[in-house]
Amino acid sequence: MRVQIVTPTPQSEEIYKVVEEYRKMARPGTIISAVALDESVPPDADPTDPYVLPAILQRIQESERDGADAVIINCMEDPGLDAGRQLVDIPIIGPAQAAFHTAAMLGYKFSVLFPLDSPFYVQKLVEHYGLIHKLASVRILKASLELLATDRPASIESLVQSSLEAITEDGAHVIVPACTYTTGMAAEVQRRLEALGHRVPVIDPGLLAVRTAEAWVDLGIAASKRTYPRPLGITQPYW
Amino acid sequence: MRVQIVTPTPQSEEIYKVVEEYRKMARPGTIISAVALDESVPPDADPTDPYVLPAILQRIQESERDGADAVIINCMEDPGLDAGRQLVDIPIIGPAQAAFHTAAMLGYKFSVLFPLDSPFYVQKLVEHYGLIHKLASVRILKASLELLATDRPASIESLVQSSLEAITEDGAHVIVPACTYTTGMAAEVQRRLEALGHRVPVIDPGLLAVRTAEAWVDLGIAASKRTYPRPLGITQPYW
Amino acid sequence: MRVQIVTPTPQSEEIYKVVEEYRKMARPGTIISAVALDESVPPDADPTDPYVLPAILQRIQESERDGADAVIINCMEDPGLDAGRQLVDIPIIGPAQAAFHTAAMLGYKFSVLFPLDSPFYVQKLVEHYGLIHKLASVRILKASLELLATDRPASIESLVQSSLEAITEDGAHVIVPACTYTTGMAAEVQRRLEALGHRVPVIDPGLLAVRTAEAWVDLGIAASKRTYPRPLGITQPYW
Amino acid sequence: MRVQIVTPTPQSEEIYKVVEEYRKMARPGTIISAVALDESVPPDADPTDPYVLPAILQRIQESERDGADAVIINCMEDPGLDAGRQLVDIPIIGPAQAAFHTAAMLGYKFSVLFPLDSPFYVQKLVEHYGLIHKLASVRILKASLELLATDRPASIESLVQSSLEAITEDGAHVIVPACTYTTGMAAEVQRRLEALGHRVPVIDPGLLAVRTAEAWVDLGIAASKRTYPRPLGITQPYW
Amino acid sequence: MRVQIVTPTPQSEEIYKVVEEYRKMARPGTIISAVALDESVPPDADPTDPYVLPAILQRIQESERDGADAVIINCMEDPGLDAGRQLVDIPIIGPAQAAFHTAAMLGYKFSVLFPLDSPFYVQKLVEHYGLIHKLASVRILKASLELLATDRPASIESLVQSSLEAITEDGAHVIVPACTYTTGMAAEVQRRLEALGHRVPVIDPGLLAVRTAEAWVDLGIAASKRTYPRPLGITQPYW
Amino acid sequence: MRVQIVTPTPQSEEIYKVVEEYRKMARPGTIISAVALDESVPPDADPTDPYVLPAILQRIQESERDGADAVIINCMEDPGLDAGRQLVDIPIIGPAQAAFHTAAMLGYKFSVLFPLDSPFYVQKLVEHYGLIHKLASVRILKASLELLATDRPASIESLVQSSLEAITEDGAHVIVPACTYTTGMAAEVQRRLEALGHRVPVIDPGLLAVRTAEAWVDLGIAASKRTYPRPLGITQPYW
């Protein structure tokens, strides 16, 4: 099967590294392909800005048209997940949605480690997914986005420190790093925490998303058309 | 002050009548103006379709640019309310949001009378506004959209019948007709119900929206920029 | 129309100033009248004390009898709102109820600035109105009631300081000053916060109550008699 | 100890029978005394009418003054419970509050059998007590109040029939008859249901209230003065 | 009647003192008997460990077989309550369940004082009982288990200090000490708090459990067989 | 990796067929092994009976000891999931937990098709997993357990009929057949529903469990030891 990673920002160098991580994780037989937005989207646009939505939806539709079996939105705020599901039949996976539900299965409460100073974005998302009662806290990472994108050891150190605060001060039983740049670091963070005496699962949303995509394709399931109905009388975008 | 009515469908005859109702209700000194989407949007598009969103947002931004003091989205599903609030500073009123909160103030539980056979659209909206515990039921009107748009006596009769079912079977204490075509009929429905022994308020979302717009402009309040932040690094739509 | 302000304490000088604020806000054609409790109620009674309720209800009934079109209870704990609605047909507006619901419409979570050291009074009220999930915090004002009643600049300063704490520490997106003495100060507080970089709406419950009264009278709606039924077999108070 | 039964209606013959039931249940050493409202309250007043509240509070205060160790409000809507707790130090027991919490301990969901055609009164009370998620249904008894007051076999038959409906149609696991007239019938109803193959507890709120009063007096506990503070600056009613 | 105390740990000296407290509280006519687990259970097992459950259930069944009228599980985590209720017909009382529901009746929010550094055990229990919205906090006692078992004055001092923190910092209106070793200390803690100006009820879960057992036996009620059905086709343990 | 299926009933012929289904679904490299309870457990015991728990836990511990990488509990009530997670380090998957969370991701509300006439078992489980707000209904299958175990066409027919009722009457957007005997039938049911015009996902809990086990092993995550701590001072069962 082919799983397409849709990165909801204009292409950049760092993104290549993230996709590389996705490829390592894919099981034999799963082909990872990737697209990003084109240059018409400003480089500093936030993927959740309403102006960005049409560009994301266009990429999701092209993915289906080009034969992808599933789409993963490569952003921890799952932009375009709801609207995109209205437009295509293949499964679309939001890494945040998959990670929050898995966290809810593994322990009493989970904390999200977030790179932006807007904890309520995450809170709203967790509420939207119906899991707010399972959220221990949102911890803002002290590392900058630039550092997270380029310095793996420092990023892991930052994740470990925030995890410790979440565990000891907020009562977190599960940790969800919510940043595409930290894809591929969860296992190391989990080992570091265990060495410090804290046996809590640390979930890698990006890699979990790959497994979720593979599972949903294998089971032949996708989002319900009752919840996400096809737009009326429109067969393709008119903008 | 000037309140702009943004109708999220391509202009049509029936809409003129609705705007006429809005004008009757405006207090002295409030000017009602109105725009709709242009013909690039298919006439049978649903206002909540993701394809339609950019066109709605464009109208909202033009409204602010052209000096409107507030915008009312002329549709009972409030399409574009959240995204629009990110893009402008003036208050944007969603008739459904205003009506559901007013209903919650006036009685124990409210029922929504909805013209489409998709009660869960309304349920999701009520959940999104944090009021699901105040919802008695969503009742689907038995009258067709065409009838609601053209036959006032039959429309009122249909609203009365569904209200009676909501009151006696679902435990509704407040009624919210949720259809732009029935703007201006609530008072008559309330009188009819009272004559039948049921003293429950029937809320006209469109007309309530005008009063809400006037009040928010007078108080100098609009949606919080914490909840609805300006998109990053984008000063105008790029599509 | 005539809107009667019922102040649930024995008349005092400060109250006159508050009513003066109400008058400034009324739209043309709205007459503001005002009553308070008589001297049989001790001056230091809390408006929510059960002993005070009969005196409030008496004033509400007299208001209707004397031809008022709506009543506003001039206290941010809305004493007598539920019981009063059982006794009259005209709309009764609780400033707290109106402010909390408007705050819920304007942003993700709101904080209430309260003059008494009993945050749970406000919490219980917000729960009673079904909005506890929208409450960021109750902040106790550091200014004394006496200062709030007499020193406008110091009161505004106190409101700004508590607002800043609510925004930065509690995650408030909307501010509701909940004290009748601070009626008429919200706009200035909002400007001060904006100058400090915080664009959050500050809601004036008293003035909002006037607009709500006008709107409900215009729409012909009042509290549901299903939720607030007329007392059985009693046509007037017997005490 | 002495437990005073406060009946929140003007005295009537039927009430004597109910108090007789309370006396049978009291353990050795517990003295049951009883008062009702005087004739100034109309005989057909509902105990929850706001007009009736001062009379109930007066009886509660007199009970404490006269040396009662606890008060039981003899009505399944617990009128005066919250306000009364502000005025006295002795425990006040609401039979509905005690019964709903006991029902919540004994099974998954409970149904309330109510004599009046206003299920939402009970729903609101259950919500107010924080137990709405444990409520299976409110079933309206088909027997009239008059029959419930005078015909024990027919009353039990009616309770059994409504219990069966609650169990088989609403998923009730516990039954709470909520009518003072049916005090003393629960055990018989439970036996009848068991004979029909349904082993569900049937709770007698009145008799449970006696045991709760005895327990709270023995443990030396009463309602928290944080939640129910003494009215400010008032030592006795002024009306 | 005979109420059997089942202590879900291997017998030890301290337990005798606790049972002595239970005996003092029983009303005339109530016989308190007691059993503990045998030596096959390790002395440092936690009563909630899954390995311990069969031993607890065995004691509960023996209690019924030997003629006890009710069982109290002598541990503030109520181990075996749900499973035990499936196996016997007599009422089983969980001290935590009884205490939390009583606390919910007496005030707005309650805090639990817990001897182990695992506040989430209590939170999960409160959630399981459907009362999480009434929980102000779980405060970990600073006294060691050994001290709580042997030094009454120091234990009371520790309970008072944690209560003060719960009241002033967490907004607790009711206090529940949740440790079998502190049985019999609540009244003294309540007096101490009142002397310090805090009139909040302090509930003794063990002694409350005795009164609850007596009441349920008197009323003839036990847990619903709908919620706690008899195991299928098994008449006795097979292990 | 090796995934062990633990069937919480004494082995029987039908179970072999179910395990065969699991094997078909395993990806290359995943070895499916299977154990059941021994004959000491009565054949008609319900897997959730408290008497059965020790036998299940023993199998879970043996699975880890014998080198399994993950365990799947082969029963749609997930018996032993919580207790088992305390005893081992490898991931344990409950098919119901995995299916309910996946259903919550795919649509607004889901319905569970259950073979036993005890809908509240499922409701309690959904509550326990924190997803009750996503449950549309529990539908009891009209087919007998025997038929479900032996007649595939009739079983599929029964699943389709109950799904149609759930969709049209209860507002289900996602379907979860909750019976081990129907493992491997979901895809066919989904196709049948789509042919009837209903595009809703039908989730196969057993097969989903395999994918979830594989994913958790790959990601190196298992249940949090904060939520499921190792029993104190016990290294092996003592019964």
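Letters A, B, C, D, E and F mark the chains in the order given here, with residues in each chain numbered from 1 onward.
As a convention for this text, contacts are C-beta pairs under 8 Å (C-beta built on N, C-alpha and C of every residue); 3 or more make two chains touch, one makes a residue touch a chain.
Remember, it's a predicted structure, so these values are computed and weren't measured experimentally.
**Student:** Chain F and chain E are one sequence twice: same or different residues at the contact, by the over-half rule?
**Tutor:** Because over half of the interface numbers appear in both copies, chain F and chain E meet with the same residues.
**Student:** Which chain has its C-alpha centroid farthest away from the centroid of chain F?
**Tutor:** Between chain F and every other chain, the largest centroid distance is to C.
**Student:** What chain is the most remote from chain B, judged by the mean position of CA atoms in each chain?
**Tutor:** Taking each chain's C-alpha mean as its centre, the farthest from chain B is E.
**Student:** Can you give the whole-Å distance between the Cα centres of chain D and chain E?
**Tutor:** From the centre of chain D to the centre of chain E is 27 Å.
**Student:** Distance-wise, how many Å sit between the C-alpha centres of chain B and chain E, to the nearest whole number?
**Tutor:** So the centroids are 53 Å from each other.
**Student:** Compute the distance, rounded to whole Å, between the mean C-alpha positions of chain A and chain B.
**Tutor:** Roughly 34 Å, centre to centre.
**Student:** Among all residues of chain B, which ones touch two or more of the remaining chains?
**Tutor:** 108, 120, 173, 226-227
**Student:** If every chain is a node and each touching pair gets an edge, what shape is that graph: line, ring, star, complete or other?
**Tutor:** other
**Student:** Taking the top-of-page definition of touch, could you list the pairs of chains it picks out?
**Tutor:** A-B, A-C, A-E, A-F, B-C, B-D, B-F, C-D, C-E, D-E, D-F, E-F
**Student:** In the complex of these two chains, what residues of chain A are touching chain B?
**Tutor:** These residues of chain A touch chain B: 40-46, 49-55, 57, 83-84, 86-87, 118, 120, 226-227, 229, 231-234, 237-239.
**Student:** Of all residues in chain D, which touch chain F in the complex?
**Tutor:** Spelled out, the residues of chain D in touch with chain F are 108-109, 171, 173.
**Student:** Where on chain A is chain F touching in the complex?
**Tutor:** So the residues of chain A touching chain F come out as 25, 27-28, 97-98, 101-102, 104-108, 129-131, 133-134, 167, 172-174, 186-187, 190, 198-204, 207-208, 211-212, 214-215, 218-228.
**Student:** In the complex of these two chains, what residues of chain F are touching chain D?
**Tutor:** 119-120, 123-124
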